[in-house]
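First chain written, first letter: the chains are A, B, C and D, and each begins at residue 1.
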Amino acid sequence: MTLTWSADEIMTVTAARALTDGMACFVGIGLPSTAANLARRTHAPDLWLIYESGTLGAKPGSLPLSIGDGVLAETADSVVSVPEIFNYWLQPGRIDVGFLGAAQIDRYANINTTVIGDYANPEVRLPGAGGAPEIAASCREVVVVVRHSRRAFVDRVDFTTSVGHGSGAGDRERLGLRGRGPIRVITDLGVLEPDPETRELTLVSVHPGVAVEQVREATGWDLAVAPDLAVTEPPGETELTELRKLTGRYVADRPQSTASQE
Amino acid sequence: MTLTWSADEIMTVTAARALTDGMACFVGIGLPSTAANLARRTHAPDLWLIYESGTLGAKPGSLPLSIGDGVLAETADSVVSVPEIFNYWLQPGRIDVGFLGAAQIDRYANINTTVIGDYANPEVRLPGAGGAPEIAASCREVVVVVRHSRRAFVDRVDFTTSVGHGSGAGDRERLGLRGRGPIRVITDLGVLEPDPETRELTLVSVHPGVAVEQVREATGWDLAVAPDLAVTEPPGETELTELRKLTGRYVADRPQSTASQE
Amino acid sequence: MIVPLDEAVGELVHDGDTVALEGFTHLIPVAAGHEIIRQRRCGLTLVRMTPDVVYDQMIGAGCARRLVFSWGGNPGVGSLHRFRDAVQNSWPVPLEIEEHSHAGMANRYVAGASGLPFAVLRGYLGTDLASRTATIRTVECPFTGERLAAVPALNPDVAIVHAQRADRAGNVQMWGITGVQKEAVFAARRSLVTVEEVVDELAPVPGQVVLPHRVVTAVAEAPGGAAPSYAQGYYERDNAAYQAWDAISRDRGAFGRWLESVRSAAPGTVSHPTREGRP
Amino acid sequence: MIVPLDEAVGELVHDGDTVALEGFTHLIPVAAGHEIIRQRRCGLTLVRMTPDVVYDQMIGAGCARRLVFSWGGNPGVGSLHRFRDAVQNSWPVPLEIEEHSHAGMANRYVAGASGLPFAVLRGYLGTDLASRTATIRTVECPFTGERLAAVPALNPDVAIVHAQRADRAGNVQMWGITGVQKEAVFAARRSLVTVEEVVDELAPVPGQVVLPHRVVTAVAEAPGGAAPSYAQGYYERDNAAYQAWDAISRDRGAFGRWLESVRSAAPGTVSHPTREGRP
């Protein structure tokens, strides 16, 4: 049997793989939450999920729709106040990885979730910062999940909501940001990582069937491509099954016990 | 039948009377705690007791030996952390009255609980500040309970642990202290209050049977006496009975139901 | 202490006040928000970390002249269209915004609750928020010389929160995700707590947060008053209502009809898109 | 994660370390303190809001070269005679002191737990503490210009607390008066929690504080390890032991005999004056 998957599915599976078991992960809602929960159900059962609503070690059986769903509180090791999440957990650098989305992301992985256009007179008013500026500043590292398009991947974000690598190498240190910042950006087309020297986002992997030109066309700057460009390892059956269970797209068209034998 | 009482008993009863029903009272351990609990069992059943251990609205049935006894936690409306008691309750001025003891107290009701003698080379090292400096600063008003002696009532404290009225009128305002400071000092001989003009502690009441000279001799400065000096109202039977129940000195030598008929 | 919701809002919320309705996804005081709409309050400075549907409704109804916030959206659904219309087109009235991060807002409430004029945090470094928001400054550590972000205390005129229970003395008990509600109530000059029920005795619940009656100005019984958000132990989140709001709020006309239905409803009624027309 | 107490102290507490044993009257980590004495640690900077009997014992045993505190006494009884002897007579070794108020110490832990270099409070105004303690300074509010007290963060090398229970993963559960223990553990580089018992599952308890395993370096089972203080739900405060300590500690000889008995006891034994000689 040949497995098939959607672009969103390989993005989510690839994002999930970026998480190491046992890590403490600060999870944004939406794509990051789906990926983090997939990781917990596959290779990283001891991934420790923190949501900004105050739930520590949440183990939701179904995908939460918001960062404050009841399922998070009911399955958490502990529920604390919002000030405590930010002051006692995030700020001192206790979180291994921050998992963020973006409306716009630029060449240096700076993130905009505030406005498209001018701040005072916006074209599109977006939700705003939420927890992201301090997640991007204080987690040991940051992973970003965002769908690839020229609208999202811009040369320079209209508004820096959360600092990635600023204007390049050494900028985080100059600003006094303690974490390493975005180490990987995972999209529905491939994977980008900051260049070790310049910190400019560079394409390091394309998903199976995606052409490099396709990614470059969906990117609003002249995207650099790593010399050793990889092809993303395709999603495995377990990954897809678990993901579809999470998103409600799993169709049990045959007994599960036989599925693993095929 | 004639009631008799000890000097400590009239001190505690008089201190209890200084508390108005419904007040929020920050209670130090020892004499203040005894008086506050007596008030709660007599004229002020809705006195709201806060101990620095984090118990809010404690209603102990017996006298706690420390500020963190189990009986305080078990009878409290809520138990919170120590930072929360100081930051969310005391500091913003939510407490009506702070009830303090003292090792030394001076002419302007400044309090020393730190050292007798020189700080670096003390004659007697005392326990130190505890919660007192901020209780004295932030409660709307402060009541002090202390046994009268020349050792305790000194012209100038060796160390200002908690500011009373500083060096006189206007000093609290100059220092930026928000509460009114000590409004009454209750001893085993009488009651002192700051002079409305100078803020110097002045004898306003002597306990029954106590001579003014006796109080002046037990005071380390030339104690002023109010022109309308009063004699403290003697303890009532209920007050004494409840106090003795609290301190374990109550002897039920007759049926309690008839006691009130005598 | 225990008063009907319409009286409580009438007495505690005045035109021009700074008002914070808090509740982090859970226990959002929606019934109180609708009562503010019904009483046609205007010129309010609305404060909230996560303005969502109920703030979209209040903004669309013209209650607010200013919004202090850190994230404005319809959680799990998308954008707030009344909020966007106000920011982008000044409809129905112009809306000033003062924008922070969650960490900044949480610490502003903490400072307010603590009687301090400001809070210190590691935040905003390198972001455009720091240059766009006047209430973000820096302070130098007097021991290390390090520069940190400083934000001023939030001390709303009124804080409004929803909780599971209160007793007759006005002690409030809530559990589950309790967000920044304690800090908001402590920081405010006056406070109103709507509750699922008033009980004789508050039986302790693990994870409970108790707001002693001393920090609560008024309690109003409002069963279902957090819907379409949820009240743990009472009812679930009505996700369909959040989705339905998206369509209503996109269109000024549809919103106008919704607004009319809220204004003409009896005081204390909670109007939710998916519940309209049901018995 | 779950280790014997003697191993935990041996690995986590080193000569010269800054060590905070916290517990506010309730849940004082006495067994751990005695283990530190037994292992003859020295040169420690001992931190504690309320140094009481166990710190008097550690100071008398010569473990400490410095004490950071806000109230040192035998609660409900009187003074700490070993502490006095160290401060007044440098016996058995000189003891430097760094003295704060409770509000200051609590906020120093909060800053430490929060990864901030300092905390701001309304405190110390007009007191002699402000002039005697180098770690009390002021900071100006960048919004109002007001001057407030500033104190530096406390970040002990090790925090030691006692709790009712832990599970096998090292999640810790405590309830009742929990003082500043959470902040001390969060502020410290390493942490040791002694518990009444290790259980398979932590059944929720009203008023509980949970320390997730991620902030706990080691858990050691030490039933009765908080005595003569108390552990709510397990045992009462042994008031007689506090009173008995007064007599023992007044006299260097009597103290020496007590010290010998602790040092010669088996690791993990808790020695209390009123319990000596009992079966």
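We adopt the following convention: a contact is a pair of C-beta atoms (placed from the backbone, for glycine too) under 8 Å apart; a residue touches a chain by one contact, two chains touch by 3 or more.
Predicted model only: the values in this text are computed from it and were never measured.
Q: Check B-D against A-D and say which one is joined by more contacting C-beta pairs.
A: Per the contact counts, B-D leads.
Q: Chain B to chain D: how many Å between their CA centres?
A: Here the centre of chain D sits 29 Å away from the centre of chain B.
Q: In angstrom, rounded to a whole number, how far apart do the mean CA points of chain B and chain C lie?
A: 42
Q: From the C-alpha centre of chain A to that of chain B, how far is it in Å?
A: Distance between chain centres: 59 Å.
Q: Which residues of chain D are in contact with two or more other chains?
A: 115-116, 121-122, 146, 182, 207
Q: Among the residues of chain A, pick out those that touch two or more other chains and give their numbers.
A: Each of 87, 91, 138 in chain A touches at least two other chains.
Q: Which pairs of chains touch one another in this structure?
A: A-C, A-D, B-C, B-D, C-D
Q: Using the touch rule from the top, collect the residues of chain D that touch chain B in their complex.
A: 24-26, 49-50, 69-73, 75-76, 79-80, 83-84, 87-88, 99-103, 106-107, 109-110, 121-129, 132, 146-147, 176-180, 182-183, 207, 209, 230, 232, 236-237, 239, 242
Q: What residues on chain D touch chain C, complex-wise?
A: Chain D reaches chain C through residues 115-122, 135, 137-144, 146, 148, 150, 152, 204-208.
Q: For chain B, which residues count as touching chain C in their complex?
A: For chain B paired with chain C, touching residues are 24, 48, 56-57, 77-78, 87-88, 91-94, 138.
Q: Along chain B, where are the residues that touch chain D in the complex?
A: Touching chain D: residues 29, 52-55, 65-70, 72-74, 79, 81-83, 86-87, 90-91, 114, 119, 122-134, 137-138, 159-163, 166, 171-172, 175-178 of chain B.
Q: Can you check the complex and tell me which residues of chain C touch chain B?
A: 113-116, 171, 182, 186, 210, 212, 214-215
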